[in-house]
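Presented sequentially are two complexes of chain A, the first with chain B as partner and the second with chain C.
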Partner chain A sequence: MDLSLLLSQAMSGLSRGMMLFLIASGLSLIFGVMNILNFAHATLWLVGAYACYTFWFLLQAHGFAIWVAIPLAALCVALVGWIIEVVLIRRVYARELPEQLLLTYALVLILGDLIKITWGVEDKLIARPAMLADPVIIAGVPIDSYFIFVIAVGFAVYFALWWFLQKTRYGHIVRAAVFSREMVSALGIPIPIIYTGVFVMGIFIAGLAGAIQGPVGSVTLGMDMAIVIQAFCVVIIGGFGSLPGTLVSSIIVGEVYAFAILFWPGGALALIFILTAIVLIVRPWGLFGTPMRA
Partner chain B sequence: MSVKKLAWVGLAFAAALVLPMFVGEFWVLVLTEILILGLFAVSFNMIFGYMGQLSFGHAAFYGVGAYTTGLLMVKAGVPLGLSLPASMITAGAVALVLGYFCIRLTGIYFAILTMAFGQLIFYIIFQWYSFTGGDNGLQGIKPPAMLDGAWSYYYFALLVVTAAVIMMWIISESPFGYTMRAIRDNTQRTRFVGINTKKYMLINFVVAAMFAGLAGGLWGPFNRSIAPDLCNWHQSGVPVFMTIIGGPTGFMGPLIGSVIYTFLMAFVTGFTEYWPLTIGIVITLVVLFMPGGVWGLVERYTAALPARGEPPADSGGEAS
Partner chain C sequence: MRTKSLLCIVAALALCLLVSSGSATQARAAEPYNLGVALAITGTGALYCQDGVDAIKLAVEEINAKGGFLGKHPIKLFVRDTHTKPDAAVRATRDLILRDKVRTVLGTYSSATAVAIKPVCQEYKVLHIPAISNSEGITLTNFSPYTYQVVPNSYMQAKAVVLGVAALAKKKGWKTFVTIASDYEWGRSTQQNTVALLKQMAPNLKLVKEFWPPLGETQFTSYITAIMAQKPDFVIGSIASKDNVAWMKQAKAYGFFKKIPYPGSLISVTELILQAKTLDRGLVGLCRAPFFAHLDIPMMANFVAAFKKKYNRYPSDWAVMEYDAVYVLKQGIEKAKSIDTEKVKAALKGATVATSRGNLYFRNIDNQLSCSSYLGVVADDPKYPFPIYHDLVEVKGPDSWRPEKEILAARAAEKKK
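The block that comes next holds the complex of A and B.
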């Protein structure tokens, strides 16, 4: 095992982890604030990837196509998320957990078929932007420059979220809502608006992540199913509602996967499930969570 | 009222006996599927309706059951009559190990841990080519000559499923069943009166898994082949859907759900490939406008409910 392989594998794991972070951070935030586990999160991520394809396809004559397509796709997905929240999710806040879970699971099926109807069954390919097409040489090892872009976006979103939650008034309200909805509501802050805002924000990040995923490989049906369970695992390992926890566990899961693929290709995913099961058994509130919610 | 409900169950059973004589082979296959998946759903509801926990990995036990019967029949030539009990035992044994951890958690954590374990079982079966055939699945699971026909296998399934459902009903009406309801409604208080809640929950988990294993065992010879997808998390969603459509509060709810779900699937897939879209919309409508499912509706219109705030599954006791 030479060092260059380790380095390139580590970078690929980190980029995979950051992609998971972008999905899991919204999932964790939505669960933390609204107590709703959104099964459809990764499906909306996939909608982002397809939307990015469409915008890129329309603009591909221009060099900047992808840089316009990514934010547009993220905004579109956020809009879809807003509609879903207002039309569906809002109605089940007061319901039991299984019903909420079932509703978002039904959304996975509905959106999955709508994607199929809209974009067809063929895989979609998005050309990488010219400036990220060639590998970057780090310490003599060629590293996929698009990986570095994904990692950079992941950290940028992490810091933006951290700044929002720690430094802004609205962030403080959101954090307060994680601890006690009743108290926040009693202070005269309209909880439904906070909920809608958090949901749309989480979905926006998922849409952004999906759009960025587009040029990584081909965009295919069913990608969401594979990633949603891993995103759940990330959220569980990191602890619901903990942003740093989600970041750390994303990186752990990404790296475990990247290295397990080298030594035990069949067992990479199994290893992640074992890790999740161990965390659930030993520390159900996750590595960074607080036992309060367990 | 209980006599009235008994009459309905008798009527449904009579219909199950007579109906296949008047329909073609396709619908007999659909009816068999209803029975097998119905058994799977009723076993799921032992955990969901009676213990109050949502298992999202129940298909693991269904798959273990299916692979036990399939492997025993194909690789060892064991007769179906012995393979089915073996399926129950292996599914129960796996559930004993996994359940030991699962019952320590509740709510969302229970759902995700069962799901993680379920996926683990799926990957083991998926990757273990030399033993399970991996993603090629296992072909050539032939029922014995006597049952080698749509009608005869249907009646065999009817016999097995009826016996299993009666057993589960007896369990749900026994002191054990009422202890489960107590645990669901207030675990702390149940523990306080001196009941080892963890032990009861584990037993319930194992028993539910055994019946899921039996349903899985029935599936292989019916379908002639099995694939690892039988224990994937989508498959775990099937009993959840059926139970939500039929209603988790009645013992018969999941069976009603299985009838609706499977008929609808047979009907809809006849003219469109968009089955997920259809069932997704159905589930959304049921969750939004018909909480309690079909059984909930039936209850609202037939019986004067004792009290509005009555915990739902108490009526599960009256369900037959």
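The block that comes next holds the complex of A and C.
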């Protein structure tokens, strides 16, 4: 087994992990701050992919189409997230978890049908940007250049979120709200606005991830359900509400999958779930979570 | 008093008789033929099925323009979504049969769903014509006399690939290979048949590793790097629909096809059209019913023209085969001179039918149509806005289907179980 092989497998695992991180980070953030388990998160991710297709389709004559389509799609999905928060989610903060789950699951079905009505049932194809069409050779190993872009975006999102939470006033407020919303509220800070902001931010990242997913394969109905379970696994392993936890567990899940394919191709997916089950049993609050939350 | 009520009863009875006989004659005059379609409008198979449904609609319009089947039974079409899931397909089929009262079910996409609805059709004595899903399991074991297969099955396709690949391997001195196949019924059966046949035809070829990505996989990078690490002489793939689109797109981004020959994987006309700009020219692909192979047959030429006129695009393999399915049914009904399912079933047994792919016949032992598989080299063609196959090899059904002896053996083994 040579080194270049391990490197190429590690890189493909990292790209897989980063794609998961982009989905799971918003999920984890929303749960950490608002205590809302948003089942519809991956469906909003899918909306991002479809929106990206529409913008790309309108602009495809230009070389920059995809670079404009991705942020526009993310903003669109953020707008949808804002509407959902104001109209629906806001009303269930105080309710029990099963009720929240039912509501967000209903959203999965509603959004799924809306996607069908808006974009039809045919698969949508987004051409890759020309500059990312050919592989990059690193240490003699070819690596898909688009996934290098994905990895870069993943780390950029991580550092942006980290900077926001650690270094800004609003970030401090959000972190304070995780621990005691009563205290934050008593200091005269309007909690509903903070919640709306966090929700929209989480959904924005989901939309961004979806838009970036667009050119990877084809955009199709049902893609969200295949990925949502893996995103939940990532969040469980990393610990709900922990940003570094989500990053680390995304990379773990991506790498475990990539190397399982190399050594035990049949059991790759099973291994992820076994890992999740072990974490749930041994450390239910996740690798980086705090027991208080569990 | 008594006579009066008796009279009333008699009068009522007479009235009932009159009404019922009246409606019966009316029904006989123009009884519609309810035709069911169970295809994947959503889910993995939607990409292929939309074309199939459009082609069925076209065929139905053409036949109805002449008064319907036998010129007097207008076709009423009922389309239900299988969601590409066996349980949903069974539900859709039951609804088609029990609520919509269909006499024939065209379907399905995904062999697992075809295998699931086969016994349902048999139970209710309804004809079942699969034209997209092609697992050999549909006709090999648990044989249903109501199922007529109009698509080359997985064994036939695998054998066609093997005939081509074995020749190529000899020519190029290939020794090792790897397989990648979607982890479900069709992927598994296609892969198994291909490997078994390759061993037969080219015994010195060695299978180094098998990869089984789950159905619905969106990111194949880890598979691609793992396969490239094996450095095989060639790769055999059995991945369909949107998974195939993702796989091809990502493998290409790794420069995969430039490094490792990938012969004989399913590149249907759908992929030729969808990936017109990006598909590597020179790939050796396999398909099931490319329209451009048979433009010399008037039925195909007319179909392509009509399809293009109505939908403003070229028909895929799936459209061709679903279109043929409707016309196979039409010829069965004409031969039976009746829309009675039992008579149509008997008429189709061993029948020779005119299809857009030429005159073909159903084999008695398994009701498999003697249709061809097609292999060719992807190349640009000035006549089309997408690449088509050049150096097209047509492997005829009777040259590629499983010998009857083996079918009997498989069924005997099944009985023993």
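Quick note on the criterion: the second predicted complex is superposed on the first by the 288 of 294 C-alpha atoms of A that agree within 3 Å, B and C clash if a C-alpha of one lies under 4 Å from a C-alpha of the other, contacts with A are read in each partner's own complex, and residues count from 1 in each chain.
Definition applied: a residue touches a chain if its C-beta (ideal position, glycine included) is under 8 Å from a C-beta of that chain, and two chains touch if they have at least 3 such contacts.
Here the structure is a predicted model, which means the values were calculated and not measured.
Of the two partner chains placed around the shared chain by superposition, chain B and chain C are both touched by A:266.
Touch criterion not met for A:138: it reaches neither chain B nor chain C. Within the superposed three-chain model, A:102 lies in touch with chain B and out of touch with chain C [touch as defined at top]. When the shared chain is aligned, no partner comes close enough to touch A:156: not chain B, not chain C. In the superposition on chain A, A:58 makes contact with neither chain B nor chain C. With both structures placed on the common chain, the touch criterion links A:274 to chain B but leaves chain C unconnected. After overlaying the two complexes on the shared chain, residue contacts for A:113 are found with chain B alone; chain C is out of touch.
When the shared chain is aligned, chain B comes close enough to touch A:92, but chain C does not. According to the touch criterion, the shared surface of chain A, contacted by chain B in one complex and chain C in the other, consists of residues 116, 266, 269. Residues 41-44, 46-47, 50, 209-212, 214, 216-219, 221-226, 228-229, 242, 245-247, 249-250, 253-255, 274-275, 277-278 of chain C touch chain A in their complex.
Touching chain B in their complex are the following residues of chain A: 31, 37, 88, 91-92, 95, 97-99, 101-103, 105-110, 112-114, 116-117, 225, 229, 232-233, 236, 266-267, 269-270, 273-274, 276-277, 280-281, 284, 294.
Chain B contributes residues 48, 54, 101, 104-105, 107-109, 111-113, 115-117, 119-120, 123-124, 127, 233-234, 237, 240-241, 244, 274, 276-277, 279-281, 283-284, 287-288, 291 to its touches with chain A in the complex. In the complex of the two chains, the chain A residues touching chain C come out as 5, 8-9, 11-13, 15-16, 19, 116, 121-123, 125, 127-128, 132-135, 142-147, 213, 216-218, 220-223, 226-227, 257-258, 261-262, 265-266, 268-269.
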